[in-house]
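Sharing a structure with you now.
Naming follows writing order (A, B, C, D, E and F), and every chain is counted from residue 1.
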Amino acid sequence: MPLLPTLVLLPFVGAFVALCMPGGSRTRPAAAAAIATLAALLLTIAQFGRIAGGEVLRMRAAWLPEAGLDLVWRMDGLAWLFSVIVLGIGLLVLVYARYYMSRDDPLARFFACMLAFMGSMLGVVLSGNLIQLVVFWELTSFTSFLLIGYWQQRNDARRGARMAFTVTTAGGLCLLAGMLILGHIAGSYELEAVLAAASRIQAHALYPAALVLIALGALTKSAQFPFHFWLPHAMAAPTPVSAYLHSATMVKAGVFLLMRLWPALSGTEAWTWLIGGAGLCTLLLGSFYAIFQHDMKGLLAYSTISHLGLITVLLGIGTPLSVIAAVFHTMNHAIFKASLFMAVGIVDHETGTRDMRILRGLGKAMPYTAALAVVASAAMAGVPLLNGFLSKEMFFAEAALVGGTEDWSLAVAATLMGIFSVAYSLRFIGVFFGPLAQDRLPRPAHTVHEPPRWMRFPVECLVVLCIAVGVLPQRTIGDVLAVAAHAVLGPGMPEYDLAIWHGVNLPLLMSGVALLGGCLFYVFLRRRANLRQRTDVPLLHRLKGAQAYENVMQWLSLGAAWLIRWTATRRLQPQFRILVVVLVAAPLLLARPLPDWPRLQLADFDPRFASLWLIGAACAVAAAWKAKYHRMAALVMVGGTGIATSISFLWLSAPDLALTQLMVETVTTVLILLGLRWLPLRRQPAALAGPAPASTQFRRGRDLLLALAGGLGLAALSHVVLTRPAGRSISDFYVLRALPEGGGANVVNVLLVDFRGFDTMGEITVLGVVALTVYALLRRFRPAPESVAIPLQQASDADPAVGQTPAQQAGSGYLMIAGVYMRALLPVMGLVAAYFFMRGHNLPGGGFVAGLIFATALIVQYMVAGTDWVENRLRLRPHRWIASGLGIACGTGLGAWLVGYPFLTSHTAHLTLPLLGEIHVPSAFLFDLGVFLAVVGATMLILVALAHQSLRSHRLPAGSGRAPAPSALPPTKEIQ
Amino acid sequence: MTPLDHLLLAPVLLPLLCGAVLVPLTEGWHRLKFALGYASVLGMLASALALAALTDGGYWQHGIGVYLAANWAAPFGIALVADRLAALMLLLTALLALAALHFARLRWGRIGVHFHSLFQFLLMGINGAFLTHDLFNLFVFFEVMLAASYGLVLHGYNAERLRASMQYIAINLAASLLFLIGAALIYAAAGTLNMSDLAARMAGLAPGARGLFEIGATVLALAFLIKSAMWPLGFWLPTTYAAASPPVAAMLVLMTKVGAYAILRLWLLLFPQAGFGHDALLWGGMATIVFGAAGMLSSDNAGRLAGYGAVVSSGTLLAVIGYGQATLVAGALYYLAGSTLAIAAFLLLIELIERIRTPHASVLAVTLEAWAVEDKPDEPVGRGVPAAMAFLALSFAACAMVIAGLPPLSGFVAKFSLFHALLNPPQGTIAAAGWTLMALIIGSGLVSVLSMMRFGVRTFWANSGAAPPKLHRSEVLPVLFLLGLSVFMTVEAGSVFAWLDRASEGIHRPQDYIGRVLGQPVVPSPVPQPAAAEAP
Amino acid sequence: MEAVIAIAIGVVFGAGIWLVLRPRSFQVLCGLMLMSYAVNLFIFIVGRLWIDRPPLTPAGSAPDPAALADPLPQALVLTAIVIGFATTALYLVVMIGSRGLTGTDHVDGREPEP
Amino acid sequence: MATLLELAVGYALVCVLAAMLLCTLRLLAGPSAHDRVLALDTLWMCGMLLSLVLGIRYGSQVYFEAAMLIALLGFVSTVALTKFLMRGEIIE
Amino acid sequence: MNWLGMHGLDQAPPWALGVAALLLVIGASIVLIGALGLLRLHTFYQRIHGPAITITLGTGSILLASMVVFTAAQSRPVVHELIIAVFLLMTAPVVSMLLMRAAVYRDLRARRLDAGVTAGGVYPAPPAGE
Amino acid sequence: MMRWLPYPFISLGLLVLWLLLNQTVAPAHLLLGAALGIAAPLLTRRLQPLGYPRLRTLAQFLALVRLLAMASVEVVRSCFSVCRIILFADYAGVNSQFIRVPLTLRDPHGLALLSCLINMTPGTVWVEILPERYELSLHVFDLHDVQWWIATIKNRYEQPLIDIFETEAPPHGDPA
């Protein structure tokens, strides 16, 4: 098994195992998690020999070779160090969490998330490819989001999680962009290639962009100013999470990244100003803010921000020694801060609060824990003989060096930060001294005592490390530091000395000033500035990052809503308006050259044809005028346009179209009338009879303009098309081959059933689909309450036919005489349908027309005697017609397969029969039969489904009132 | 013509025949209907896989399979063309259909009538649109697809669905008219409808005809852009997605991509160098990204959120196509597949998530009332276990990651590959539009994160009283399946991209299509044609 | 003749657009019907205007493509007519369904705020 | 005689179209719904005659089919419209 | 333009052409008069009588003309125009009787008594206040 | 015979229609037309509650021909008078009225034929049969004499129709 992927995978496996553990147990998921971590830790530690020997472990797997993206695992000294921090502290935190977490919490999820985070963090550390690093980077954001929001029922947890995730993800996306640019400059996303291309990178025009973007990624992750605000809010997480993520690991990812890319990016003015500047601000602000926190975790959070600022400043300074100091302080900070968080957790666990305004004198109740916490705080404050002191000294030294002999500002700032950190450390340990505040604790004071043995154990380990490193730095971690720093600095490693005592020098002086100043400052604050009661931070209380974040989010939402309100609509009419505008504008803007505008030729003006279209156009315009309040008039007028259209088809050599249009006109009229039955009358309100208000007139004017523009556009296009000479087109082929090869003289029909039979198959499918949709819809149809009652015409007793059933009307009522004709027409229409069907291949006609004629013939019978009467005598089963029509059409096409031809290839059988002579039976005939059946079935299904609705209101009990509720209607009759 | 050539037809004929067989089964027979539909989808999946193998395996020259329906040579008859791109889309359709159909098994397939038939016809239309090489035939398949989608969007009749479909249908009817105008203009200008023939005739067009052709192409593009919901033509989309039933909405996601597919295919064939209208596409696409992102931020309803997510993905796709850089296309195709799967999975998930919000039983009761159904679908029989909650949360997170393009799932890979291609153009300089596009894609990703996180937090966290929902295996599996495909695409990104690169190279060589399609011989007649049949 | 049919197409299309922009669903239905007349005519005239030259192969003699109307647009229009009929039916049914459930015949399924 | 017939055909065409125009005027003017329906029906009949005259004009049988179809089925939409006027629904 | 020649009418007997022309002129004139009646007559009940002449004599003449012309042109009896006549005989009465009845009861229901529905007293005005 | 060819006249009529439509007497079409002519009425039988009209005697047939001839003349005459009124009359003086015509004829086919004759005659429109007293409501374009109209319709139209449709065939009459 390849080592490095295994290392990353182990925590994920552990996460999965922990997730599968049954609820209610604390030990089992914790054990699963700890075992996985321990295994990974041991594996890592075992590699130290190879790493210390200068070896870089690598492992490569292909992922996206086209984009030069391989999965590269790479462990050098820096990665090793971070891996050990991640795994070591992780292990301790897991042990601690086993005791800290309550039995009622969903623990499987907790440990799974912790391990998933651990795996992601290891992924960041061990990535040898920039993009891969971003992948794991975002994963740490995501898993930390889950961990911060672990107590999801708490509002502050959700808020903190969202804030942290938003900031770090945004940073992550910037980082991705930066990495992409970096990869673009370096020509590879491989870390080693990028590091090797440092000079090229820094000379490139895109370097500043890449630097800013990467810095944004790092600074957001490491909670640097001005993105620091998320970290205090992330303290809503369970304390083990804070101990792990917000001290030791995740926030270190940012500084890790800066270290990782230090060779490639650092050394420029921009780097120093950007990184150093952000670090400096953070360092001062963080430490100052920390003093004024009341929540112990809040104090630690700001302290963390400040320490990360310190590391960032060191990296920004850019000298090799400062890098060493940065690495060293990273390590030290992880150790003491994790232990401090765990100590806070113990306090919280035992007392039920972390409020330093309440807590007092805990040293008596838990002396052992108090001692540990005091030592760790001392390390944080930089007290000699503890690890924090050493790295802080190195920082002071570098700070003092930066400005040379003129500029001491950085040294002053560093000292100031030292003062502040002493002050907040004092404030922190204040909870252990003094008398025990009995009454204000959430829990009875006598229950406050030392935590379980193993809960304290991780703290002990870390505090021991603090002391060990502080006392014997070279022995304990000298090698590790050297290896890690070497991984960053390479051959340019400077000489440095990890001794405790360097003699009396400037840094020591600064330390002394800081210690003393810190104590004095603390006393001053307590005495004069009402430290324990004040709720805001002096001087800087206006600087509220979280508030700014919330404002930005608010603006974003409002802005988005505003944008949507102004650039979108949910209404149909504006959408159509836009469509028309685009339809007119887009071709004018895009097409080049626009076709020449032909001269209007009046020579071929045919007044007869013109008068035909005078009719059509007048009807269309009148329909537009009438459609709102006079639906039937509009329908009749649209019919007028239909007549003009079909006669035009006839006149202009398209008899097939004329026939089809004629039939469609008829069926459409019937259809719309069937529908109008269910559309309650719309009467023109008397109020609207007068002149319309200005807004309405404006709307109408605008729509009229649009209609004119659209109409003009299509008219112009038509004219252009008509006046251009006809070019070479494929249609000559059809004319030439229709008869000899298609077997039919009617080229249009041969096109439909042979050349383009595939179209026709789709077309009958559309018809069938629509019929099914209509049928399905109407089965659920709830008519408007106003139209549920039988129509007004049938309610007025002016008409003697009012009380008659449809069968009575047709049998003896007013329809008797008309019915004689209409019934006699049925076989005639059938015959005519057969006629048009049979001749379609050679002359105008075909399956469509025939199908529509046949359907009309049946509908006429429905109109005569009503649905019930017809259906008692005729089971139509339109579904079967549709199915068999589609089946026959498709089957005919498939028949060609049997003889080795493509789908739909037509064959003509030439039969010679006695008496009848030779008969040609083209297979297209069978295809057309399918068309016929499908058309009949679909048309009947649509019309009959609509017609059946009337039955429902007629079946209502007689005395049920005039307008029963739609829901009281009987169900639709089944179509058979 | 070999037996394998007939495979080109399978994705169209299988659903057609299956749909036709299902038509007479109006009520009841749920198991039979589901089994038939499922068998057909599995058949489609098999044929799509086979086509993918054939197009990529050197079986056909240039990886282009041509099927001359009715045995008429290419510009005259209707040719179906399968290449790697078509195979990809067919595969995507089949996979999505498998998930949607499976999801519909328990409930949606049983409500009302003809769900299964309409579903099959929808697949027929979509598949036909991917395969056909004829402009008007494309219209016909669009209509088949749309007609079925109208029925499916209305499936489960309630007021909201009716409102949404009124809009959806009206807009798409108008779009169909535009399609017809565009196709007619193109025929008027070039005298042919076969896409390869059009490509071959492009060079010889007179200036006047060229103008006419471009007007036609513009109008046609508007029809496609309405379907792919480009701003300001796509306002119907969020409303429709939010209203449609989950399995249908999942299929609608794919339909949004059909428009982009058609544009990609036609534009690469017809305007390989000139890049007609690319700027409009690019800026329109970018506007769509902004619009979709704003929509995601401002929507409080899961359906609309998903809808705007689809708008963003559509905008990204259109902008990338409009950018007109050949090396971007493979990434665009990967993005298309990934985002389609994720948004579809999200849409399926929404229904399950809704069950957390209110106790399940009342949801069922309320919706039953709203559907106005008389027949009661089977109660989902799954147990309410906490694992169900975990499943929902994790699946939601996975969907959100893919939609937002967060690592490590396919959404990230897609965006990375787009960025990589944008940053490393063959000609060396990165256009300003490229930077803008990159910024927009990143920004829209961030916005997606924010909106999805807000929705997730509200749903899964702020709603602590939620009882564990009852889920059924048939509802869980499709979601897992779709997410599994995302994972597969991520893990196997290398080989997927290799395939997509070949696909992209293929569609950038119009000459291959012209040669293959117009050169495809018809099956010769075994005997000389008998004397012409007598005309009256 | 050309000018006449062009103007006719424009007028019918314009009337259709006007109706489609109206708020009532029946108006939109009529608009879509009118627009589809116009579009059908438009596809049809793409094959140019021919009088008394229906694309029927004459008996006994070889057909002359230059002397017959273009059959292809006619076949396309036929398909378009049928599909137009189907979609009209669908829109109609959705229209009455929406009127029933939403209580208004406004295209948006709700009356606009005054 | 031939010229006479030609002239007669031209006259017939003009007359039928003029008749259609008059029908359209009635269709637009109404005033009642049944007036419009009557006008539409007459328009159909004139359309039928127009196609017959065109058939004579161009000496082609093709036009006959359309005329026949109108004669046989043109009444269906009129009957539907009248039934709607009379009963409020066309299929009970 | 010799369109007669194109359709083989140049061989036809001149008297046939003359008869056809006469029939056409009569038929077309009647059609126009019928439409004029439709437009100009005062009430619906009068107007419906206008198109009646269109359908009967107008159509009959034109159908006869068509028969004569095609018989002359093709030198064989062409009588299929009779089909149209038969169809009209079967459909036209239905249209006029239903339309008339619809008008009567619509007018009665709406109490539009000035429209002529009460002329002759067959249909008395319905009691007011319905 | 009656079983397979129950409606010989209708079938014959449909065959003639078929042949006229196809303008041919080719054997194939004869066969097809006959098949359709026989099948169509059979298939639609259930939708024909009144069956098809039958003529039983030659006399009836001749009476029908006479009636039709007489009606045709009347049609032409009325047509010209309507034309005259439309073109030249003062519309205010046109006396358009509804009249009642009491009917004796009960056979629906006979009534249908009567309505056809009346409606095809310009100037008269059949409105309906008023149910209460079985009177025909008739609209006359230009009414001069109510009694003349009633007498004309009853004598010239209704009586022949009664003879044709409501007279049982004599037991040994020659079948037509």
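The working rule: a residue touches a chain if its C-beta (ideal position, glycine included) is under 8 Å from a C-beta of that chain, and two chains touch if they have at least 3 such contacts.
From a predicted model like this one, the values you see are computed outputs, not experimental measurements.
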| item | value |
| --- | --- |
| If a chain touches chain A and chain E alike, it appears here | D, F |
| Chains touching both chain D and chain F | A, E |
| Chain separated most widely from chain F, comparing mean CA positions | A |
| Distance-to-centre winner among chains (Cα means, whole assembly as reference) | B |
| Averaged-CA centre spacing for the pair chain C and chain B, given as whole angstrom | 28 |
| Centroid distance [mean C-alpha coordinates] between chain E and chain D, Å | 9 |
| Distance between the centres, which are taken as Cα means, of chain F and chain A, whole angstrom | 74 |
| Cα-centroid distance, chain B relative to chain D, in whole angstrom | 48 |
| Residues of chain D whose C-beta touches two or more other chains | 13-14, 18, 20, 33, 37, 39, 58, 60, 62, 68, 72, 74, 79, 83, 85-86 |
| Multi-chain contact residues (two or more partners), chain A | 570, 572, 576, 651, 655, 714, 717, 721, 726, 729-731, 734, 739, 745, 755-756, 759, 763, 766, 769-770, 773, 777, 780, 782, 793, 799, 814, 817-818, 821-822, 824-825, 828, 832, 839, 842-844, 946 |
| Sites on chain E at which at least two other chains make contact | 34, 36, 48, 50, 55, 80, 83, 87, 90-94, 97-98, 101, 105 |
| Chains grouped in pairs wherever the two touch, ordered by label | A-B, A-C, A-D, A-E, A-F, B-C, C-D, D-E, E-F |
| Residues on chain A engaged by chain C in the complex (per definition of touch) | 570-573, 576-577, 580, 600-602, 604-606, 609-610, 613, 616-617, 620-621, 623-624, 627-628, 631, 634-635, 638, 641-642, 644-645, 648-649, 651-657, 660-661, 664, 667-668, 671-672, 675, 678-680, 682, 703-704, 706-708, 710-719, 721-723, 726, 729-732, 734-736, 738-739, 745-748, 751-752, 755-756, 759-760, 763, 766-767, 769-771, 773-774, 777-778, 780-785, 787, 842-844, 848, 935, 938, 942, 946, 966 |
| Residue ranges of chain E touching chain F (in the complex, touch as defined) | 30, 33-34, 36-37, 40-43, 45-46, 48-50, 52-53, 55-57, 78-80, 82-83, 86, 89-90, 92-93, 96-97, 100-101, 104, 116-117, 119-123 |
| List of chain E residues in touch with chain D within their complex | 3-4, 6-10, 14-15, 17-18, 20-22, 24-25, 27-29, 31-32, 34-36, 38-39, 44, 47-48, 50-51, 54-55, 58-59, 62-63, 65-66, 69-70, 73, 80-81, 83-84, 87-88, 91-92, 94-95, 98-99, 101-103, 105-107, 112, 115 |
| List of chain D residues in touch with chain A within their complex | 13-14, 17-18, 20-21, 24, 27-28, 30, 33, 36-37, 39-40, 43-44, 47, 50-51, 54, 62-63, 65-66, 68-70, 72-74, 76-77, 79-81, 83-92 |
| Chain D-touching residues of chain A, taken from the complex the two chains share | 608, 611-612, 614-615, 618-619, 622, 632-633, 636-637, 639-640, 643, 646-647, 650-651, 655, 658-659, 662-663, 665-666, 669-670, 673-674, 676-677, 790-794, 799, 801, 805-806, 809, 818, 822, 825, 828-829, 832, 836, 843-845, 849, 853, 856, 859-860, 862-863, 866-867, 943, 946-947, 950, 954 |
